[in-house]
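Each chain gets a letter, A, B, C and D, in the order it is written, and its residues are counted from 1.
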């Protein structure tokens, strides 16, 4: 991560700290103590765990080593709220987070307040740049967990036969999806990766050159209407459209549609954070796995872009937003609006807003977009020393890269060089796709 | 179940209803919303599920059919809170009860109040004896769930690495365990089963005669101190002491001691509802499976009693308490004291109380006692018609009978003819043992 | 087991040894080296394993301790061919028997010959009665494995999509099944268990008295035609007919009919050791589990007999055959005919033979009959000392008793006191049922 | 695949056909009927299945469509011996191949002879180039199965507690492993993939350019001696050396060394196709997973090469052998010698042979070498039409590329552009590694 100088950072950091921490609490607030306790599958963590773990991160990596005299809030929390940092010590089994009823939400709130108090004191004083960098990392880390919190809460509520809502929002007016147009790229040698200006995760570096052959990328995301056509054309019944592992998964898991879709009364409905809604054909399709995205692309006579193609095209477009911690909440540009954490229908936004209808402002937003790239280190990549070096590098096997951020990504968190990743069969992220083809 | 006449029942029933329903809430009260949500294994149900399910029982079997104009509280609850009654309709998967965060504890409390209100109205009027019998069944059913609630809450809290307590109680003074004496029985033809006076479950009937050969039963329960000697003598390492399935389970599950025991700093400790405590050698051993009880008995040169032997001996002792719904809470006679739901050490009770030290008052109390009897219908058994007929009979395979009631059994619930049952490998019940031998 | 005197035993034993050992080879002979290697599920053992294990039994329990100077054939075989005798040392995992390709069938044949040679020498000399008893036990043990060999080979061949036959036999002419008549028994005190005359397993002793209430037992077995009616009446779709564990198994395993039945072209067919055949309605139903037998009986308005009822009735009938080791092969009385190891249709045998059509000669033969009795020790039961004491007693949990012997049981092996046992969900034995009811 | 002209192909093809088919039988010949039947894990196929499946390939893709009047040998074989071609119809479950005892080895031999006869007739006549290409594909396919046959047979024999040998060979004299030297590459734009001259699989095309930064590759393979040092340094006990999924696998599978290694009497031994042997420190390490190779490289301060780096370096070396079907058997160049299918120790071969000691002749041979590249399509890749198009492309997810061929790869089969692939946790291939580093 990029270093920051002492004097200018403090105020910005303190204010960013407040904004990020507050957003976590805002996102948790519609969830009851019971909601915040449940773990619906091993990949999911309870809401209160997310709230405590992000707090533990600041306590462990910032306060303990850099705040002399700091007393840990509870010595047992290190075991409970360490996610995966082997360098920090033993930890509770991930799949058993939902078995831990105590500390409860009230105690977790006290934990957050205590750490916030100590952090406020620390941020009020001049900071060593290395410590400031750890704080900044902790805030980006917490933003990642904000999205996970929503993904996980959605999965938890979806397993309830009563289909409860997290929040409510009005049904969108019917959108009009423009026909798919293609953005062309001439290929050649392009530089990929973060250039060191502003924050980035270690996996976005080093910036390096790659050689691309000419390609094109779809101007807009694949929609639910298009996905319905895929289903109607036997998409989930034709093995020739699928990777071998994809077809095996379809058969074994009885996949017939994206996660959260269900057919009732002859129509497709989808479980959203507002409860069950009819599928809106103008919405970007969401909650599909890499395996499904790959099959869809094959059916459509196209393919998924590589992450290098995606980034090269994104850079070629002028308006990609810069990362800004604690950016205004409200979902501008296809990112998180806590009052409506759901992909917006294409064509429903006024053309003047620079979104569908006119030329696309950027490739970012609404849903994470699967690329065909396996998650691998960039040439020359080396993780940071110490336990924070476990942040990214050790996951670089059997995962596929997604790009672009989603309607559950806090504004200011994603950027064109940002590399998200999930296993090929994962569906509970806000994941969709954009097509590509070779020129 | 035995019928009751209309006029005398009502007041008693109404008052029993209030007492039983109140005890459930008392037992749940130390548990937070989060505690009440967790399901730590498929056999365990969340506390709030128990509170709702017992309410659903009254709503479904009493109010709906017998209270004209009654409106169900929530139409979705039938699916969520039906435990196993196939005759009533489809139901939520048992292993997924811990995935349901809503309704939460506040809503469940409203559900209980609504049903209690309707029940109070029903109980204030003259009752058809068949309806009164259903109410009585519902109360005994709720008492069973009171014990399950404690068993399950104990298991949930035990999976928390912080070992939280449900309640606290003072450590008992050291007890003095008398040497084991044997109660002799001459065998012969004895009548087994409930004679129809007062409530019983259908599985306690019909009363019938069996032929017993002479036998003896231990005057007192097997203690933790004796169990420690079994462990020290290689009890969990010697296959010749075990049934084949027992030994396979020992190896596969790494059993080294009863459930909840763990060795730390060279001493055996045990997780209790008051947290971690040193093992008290004078306490009856608890949370052992049938497989372990059988191995222990073999090691001790004895065997487990059959349920017929146990009942014959219990009947031969004068002081067995009669079942009394809503009996005084306080743990007299080795039954539930909500302030100390744990087996009491032998010898710690004053001899005058008719418990160890003098002649035993009865075989009942402290821990359920495994018998060597597979759970099977008595000759001529037939389940009740309708869905309540599913109550007992359909579980009569691959289960073993336990007798006597425990420190988690509400006072007045158990009786000498009472047949509890669990699979041979189950350990989360308050289950111990009493030895027997052939004369 | 009963002891035998030295002088009269030897010749009979040597000749019985030859007959029993020869039958094993006869039964294996239609099976290729490949057939004899496969293990189709953990419960199944490869044919060549049965051939070697029964040989190891004689080598380990007779030759090694009682034949001075005997050299074991191969020191590695003890590990491979010990089935479950903990007292003899460590052993190969049961579920991995099908992974062991060597020794192959030729080597196993040499092993058998070597042990047979040493046994012949031993049997040619005067024998200590205790050794003779071990030989006799070994022969009855090998007879049990003869039936297992057929059960297992049938399961192996059934998993082959080409449905190969073990042997071929002509289709039976249509039988005429008589209506079900009931054999009445007045109950009272009856003696159960083996009386010590002739061989028996330890689990058949001690003989003891039980008190029975009056009952009736079906004069004939339940047939495939009756079972088809059960299926047609929704037998596998109505939870109210099933034990709870039974219904769970039906749902989980998709049971729709007995094992080996499959519907093709609208008709029920069944895989037999002669390949696929149409279901013959006059045949006794076979390959049903306890759970299915119990459900059928409930559907038929009856129940299964207890093992005490079964034995009491069997003793009340005059013609029960005595156990005779090495009895004439040929299937007389419903036992094994190697040329047709399959239940014979009722009514197809001439009435003069004392089988269906006239009064039944006995309750034995054709299919093992599930009883409602859990497999438990008789009062006063104690296993034999040493490793052979592991023969029976350690399996006395979670198993149900079957009585009567089957078309895969060697003639002379079964008797009225004989107790077979399998888990309630097992279906690969030649298991059927006979109804009972209380008088 | 590249097309071939009609007239010149036939003789070469017929002779190659004979040579390849004969080698399969040679490889199977030390295996008994029992050996050839066992499937020791789902990834493994029985030897007789390999022999039949490769035959089915010719029958299905060559004889049936291109030999008018050809009658299939057995209509049931299509179901049994189709491996994964969805386009050809339904097929037997892969994990159940070990349940099929029939057809046995004799019948499979007849099947091979019948197809070989029909193929000989076909190859004796002028061939359409498209058919010739299918025959050539079938031969390369059968060569792949020759290596699988050895991998699988080794795994089967390894599960036998008696550790039987496939063949025997003398222990190698001690080798002297030279210190690791590095081969440097200056990077830049290089062309990757097959250029269309001679046979290749579809996944080696299209040839395309990539941009590489300067790098170095180890001149020799990592040895068992080096791996022992890794073990001794806590390699399998230090999570910081491992990818997250790697460490989880180490813990879950109790990995402590490569597959087939076991410590006895304080020394490491290894199961080989000649039985148990002491680990030879001069041998290339074999049977390690990608996860282990990655951890080792991290421990060694290096990394794995990408497949592009590997191929660029291999091309930069002059002596890479051309693929020649049916090349002389004998293991020249580190490939299969049926009399010794095992990696040869480094330094044991005379320097004049162009192998270790002097400059390396090539990167190929002895063990497949894990690269850090996920198996993905080359830019512009499109599978062949029809069922043979399922050959490679549909496996391009969650697999990692290995390069170089092994001591179990038939001579003439591998080449510098050849892409083998296995899941990251697979260990039963003859897989090792060569280190790389960035310049």
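By our rule, contacts are C-beta pairs under 8 Å (C-beta built on N, C-alpha and C of every residue); 3 or more make two chains touch, one makes a residue touch a chain.
Because the structure is predicted, anything quoted here is derived from the model rather than measured.
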{"item": "Which listed pair, C-D, A-D or A-B, duplicates the contacts of B-C in over half of its pairs", "value": "A-D"}
{"item": "Taking each chain's C-alpha mean as its centre, the one farthest from chain C", "value": "A"}
{"item": "Inter-chain centre distance, chain C versus chain D - centres from mean C-alpha coordinates, in Å", "value": "48"}
{"item": "Euclidean distance of C-alpha centroids - chain A vs chain D, Å", "value": "39"}
{"item": "Centre-of-Cα separation between chain D and chain B, whole angstrom", "value": "61"}
{"item": "Multi-chain contact sites of chain B, meaning residues that touch two or more partners", "value": "none"}
{"item": "Set of all touching chain pairs, with the criterion as stated earlier", "value": "A-B, A-D, B-C, C-D"}
{"item": "Complex interface listing, chain D residues touching chain A", "value": "84, 86-87, 189, 208-211, 213, 239-240, 242-247, 290-291, 294, 372-374, 376-377, 379-380, 390, 394-398, 424, 438"}
{"item": "Chain B contact footprint on chain A (complex, rising order)", "value": "32-38, 40, 48, 76, 79-80, 92, 96, 98-102, 104-105, 156-157, 159-162, 164"}
